[in-house]
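Order of writing sets the chain letters: A, B and C. Residues in each chain are counted from 1.
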Amino acid sequence: MPVVEFLQFTLSGITFGMVYAAIALSLVLIWRGTRLVNFAQGAMAMFTTYVAIEVIYRTHSYWAGFVVALAAGLVLGAACELTVVRPTLNKPPLNAVIVTIGLLTVLEGLAGIFFGGQYRSFPPAFSITGLRVGGTPLGVSRSDVFVAAAVLAATLLLAVLFRYTSAGLRMRAAAFNATIARLSGIRVARVLTVGWGLAGLLGALAGVLVSPSTFLYPNSMDTIFVYGFTAAVLGGLDSPGGAVVGGLVLGLALSYAGGYVGGSVGADLTSLVALGILVVVLMFRPDGLFAGSRMRRV
Amino acid sequence: MTMRTLPRRLALAVIVAIIVAVVSVKLNAFRDYQIAEIAMYVTAVAALTVLTGFSGQISLGHGAFMAVGAYATALVMLHLNWPFYAALVVAAAVTAAAGAVVGLAAARLRGPYLAGATLMFGVAITAVAPAFPGVFGGDQGLNVTFTTPGFVGANFPLTRWQAWVSSVVALVVLVLLANLQYSRIGRNWRAVRDDDVAAELDGINVAAARIRAFVVSATCAGIAGALLAIVTGLVAPGAFTLTLSIALLTAAVIGGLGSLPGALWGSLLIVLVPVYVTDVATSHGLSSSVGANIPIVAYGVVLILVMLVFPQGIQGGLRWVFTTFFGTDLKSRTWREAPAPHVTPSADEEAASQHQKEGTS
Amino acid sequence: MSSQMPASAPAAASEGSASLAVEGLVAGYGEVVALDGVSVTAGAGAITAVLGANGAGKTTLLRAISGMVKPRRGRVLLGATDVAGRSPEQVVRAGIAHVPEGQGVIPELTVEENLRVGMMSWRARKAERTAALEEAYGRFPPLAARRRKLASTLSGGERQMLVIARALLARPRVLLLDEPSLGLAPRVMAQVLDLVVRLSREQGLTIVLVEQNARSALSIADHGVVLNLGRVVVSADAATLAADVALRHHYLGF
C-alpha cells in the first residue's frame, strides 16, 4: 500500500536523519566555538564506538558500552582540542582543516592497528524487529525509535544547557565575542575545550546509534560524516536548530530517493539527490537555511 | 631571483625538463612511474592552488574534475581512436565546461559552505560512473592503451615515456599558471581573495573572477586526469574517491598555499611518504593489519606536524630558512602569501585586524 | 557641554579604589611599536584622561593594561602588584575592568545575559549575583526596563550604559574606558560623561578615560595625559591642560 510505503520511508528517513543531525550538531558546536570544521568528527565517533564494543564484549552490557562511548567522546574531543587544534587557532584557517584531516587519518589508522580492519557488527540498543500497528509493518523497530529519541533528548539537553545555565552562557558569550568574554573574566580557552568535548560526546552518540546499521570498520563513519556535514551546511553552520532540520531534511530526501527509485540505480542516486538539495538551498541561501545575518562592517 | 618574467620561467621549465629527462634514464621503471605520478599530482595540486590559494575558494571535490578529464580521455582514445594529445585537448575542454558550471553555482558560496558543496559534488559525480556501466565500464572502468611512439625506437621503456610526457604537460601547465599568477587576472584573484567587498568597490567583477578561477582550476585538474589515464592505464571509479580530493587539498596547503612551487612539495609528500613508510613497515615484517595501517598513521602525523611547525607550508618554511640563514628575501614579494580563503575569523582576530586596519589610536 | 562638577574638585580615595601606575610600557603590533616607553599614573579615586590624536597609542595603552596586548617591556602596577603580561581573564580578576571602544555589547544576548557575563569573574553564589543584578538595575533603570530584550534593540546611549554596568559588575577597582562617547549624540554623550563622574565621586573608582573629544574629557577629569606617537608629551592636572592654549592647539585640536 502506498501510504504504508510512504510511512516506512518517512520513519526510516527520520531515523537516519537524526544521526546526521547529531553529527551536524557536533560540527555546529565546534564551528560556533572555534570557527573551524572538524573533519575528524566522524573518525572520532568511529573510534569511540570501537571502544564501546570492546567494553560490551568484556562486560556483556550494552549500556556500559554506551556510557563509556559517550565518556570517551568527551575525553577524546577535549584532548584533540588541547593538543592539536589549539596551536592552529591564530593561523590561517585552512591549517586547522588540514590538522583535523591529519587527525582523521591518524584515528582511522590507529583503529586499524588496535582493532583490526574487518567489519564488526555492533549491537543495537533494543530489538530490531519491525514494529507493527494492527498487523501493518511500520518499517521501524524499537531500536530506530531509540535512535531518534536519543538524539532528540541530547539536542534538548544541549539547548537547556546553553540557554539556562551559567556554563552555557559562558560558551555563548565566548562564541559571540571572545574578546569581551575574556575581558569579563571568562576563560575562553577552557570553554573551547569543553565545547570540543561536548561535540565529541555528540559524535560518539551518533556512532553507537548508527553502527548497528552500517557495521563497524575504520572507514564506517566516512559517509555519515559527509552527510552530517552536508546537513550542517544546509541548516547553516551557526544554527543548532538548522543542524537538526538539515539532518531530517537530508535523511528524508535520501530515504525517499533510495526507496522510490530503488535498486542499484537508486543507491547510486542518493549522493546526487543530496547534491541537488544542497545546490538548490545554497542557491537561495548561500549561508544555509537558518543563516543569521552577520553583517560585514565595511 | 624571481619568476616574474616569462623568459625566466621558460628557462627554468626547460632546465627542469632536462633534469627530469636525464634522471629518468638513470632510474628504474618504478621510479620513472613515480615521476609520472608526481607530475600528475603536481598538475592537480597546482590546479587547486590556483583556486584556493590564488582566488580564495576552497574545493573538496577536485577529484571529480580529474575523473571527468580521465573519463573523457579514455572515451576519446577508446571510441574515436584519437591520439593522446588530441584526447588531452578534449579532456581540457570538457572539464573547463564543468568548471564553469560549478563555478557559476558556487559563485556566492563562501568558506565552509563552499567546502560542503564541493565535497558533495565530488562524492556525487564519482557515483555517476558506476551508475552507467555501459558507457563508463562500471566498477572495472575503462582500460587505456598508451604506447611509445615510433620515433623513440623499440627499446624505449614505456614508463620513461610516460614520465616524459607527464612532466612536459605538467611543466607547460605550471608555466601557464605562473603567467596567470603575475598577470592582471592573477592580481584580481588575489584582490578578491583578500577582500571581495573591497575588490567589488574597486571595480573588479568578483563573480567573473571567481568563475574564471574555477574554469582554469578545473581545466588543469582535467588535464591531470588525462595524465592519470595514460599513466595508470585504467580509469575506474575507485581511483577518484573522496580520499583523492582530500589528498589534493592537503598537498596544496602543506606545500604552501598560494605558491606554485608548493604544489611540487605537496605532491612529493603525498606520493613519497606513504611509499617510504610502507617500505619501512614491510621491511620490519609487521603483520598485515598493523603494517598496512602504520603508513596511514604516519601520513596523518606528518600532516599535523608540518602544519604545526610550518604554518605557511613547506614553501613558507623554505623561505624562512633562506631568510634566516642567508639574510636575504630571495623572492621579491610583490604579492602576498595567501592568508587562506573566506572563513569568518574569530572575534579576536576580527577585532585585532580591524584595529590594525584603522591604525593604532 | 555639560559639567556640574568643577574639574578641580579632588576625589576622596575610598577603600576599594586603587592607584594604577604604568611604567615604561613598550607595546605594539607586529613590527609597529605603538607605545614607546609610556609612564602614566592614575591616582586612586581620580579620573585620568588620556588624550591625543589618532594613532597616538591611547587605545593600545588600555589594551596593554588589560592584557589584550602583551607588553614587551614595562610594568603595570595596580596598587603594588605588577599585572603586566597577564591575560585579560586574570587582569579583570585582579581588579581592572576594561570597556573597549566600539561594540562592547554582545547583541545576540539579552540585556540581563550581558550583565551576567560581567559577573563571570566571580566565585559567588546565585543569591549574591541576583543581588548585584538588582543593584545594577536600580542604578540604571533603562536597563531594568529592557532586561529580557536582546541587547541589539538598545539605543547607542543605552548600550554604553549596559557596557559600563557590565564592567561595574566585575567589582573593579580601576575602570578603563575607551571612547565611551563615541558615536553618541551630544546630549547622550553628556549623560555618559556625567555617569562617569558620578562613578568616580560616589564609589571612589579610579578611572582612566580615553577620549577623542579632549574638551569634554578635560571638563570632567582630574588629571590629563597627552600621548603623541606612543610617547607621553604632557602630564598635568586637567585645569592646567585645559588652560594651556598652545598645547591644546598643537596636540588636542582645540
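Following the convention adopted for this analysis, a contact is a pair of C-beta atoms (placed from the backbone, for glycine too) under 8 Å apart; a residue touches a chain by one contact, two chains touch by 3 or more.
In this text, all values refer to a predicted model and were calculated from it rather than measured experimentally.
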item: Far-end chain from subunit C, centres as C-alpha averages; value: B
item: Chain closest to the middle, measuring from C-alpha centroids that were averaged per chain; value: A
item: Subunit A and subunit B: spacing of chain centres that average the CA atoms, whole Å; value: 30
item: Centre-to-centre distance between subunit C and subunit B (centres being mean Cα positions), rounded to whole Å; value: 52
item: Between subunit A and subunit C, centroid-to-centroid distance (C-alpha), Å; value: 44
item: Per-residue multi-chain contacts in subunit C, two or more chains; value: 100
item: Residues of subunit B engaged with two or more neighbouring chains; value: 351
item: Multi-chain contact residues (two or more partners), subunit A; value: 176-177, 179-180
item: Subunit C - residues contacting subunit A, complex; value: 66, 68, 87-89, 92-93, 97-98, 100, 103-104, 106, 108-109, 113, 116-118, 120-122, 166, 170
item: Subunit A to subunit B touching residues, read off their complex; value: 31, 34-37, 39, 84, 87-95, 97-99, 101-110, 112-113, 116-117, 176-180, 222, 226, 229-230, 232-233, 237, 264-265, 268-269, 271-272, 274-275, 278-279, 282-283, 286-288, 294, 296-298
item: Footprint of subunit A on subunit B - complex, ascending; value: 52, 58, 105, 108-113, 115-117, 119-121, 123-124, 127-128, 130-131, 197, 242, 246, 249-250, 253-254, 257, 289-290, 292-304, 307-308, 311-312, 338-341, 343-349, 351, 354
item: Residue ranges of subunit A in contact with subunit C within the complex; value: 166, 169-170, 172-173, 176-177, 179-188
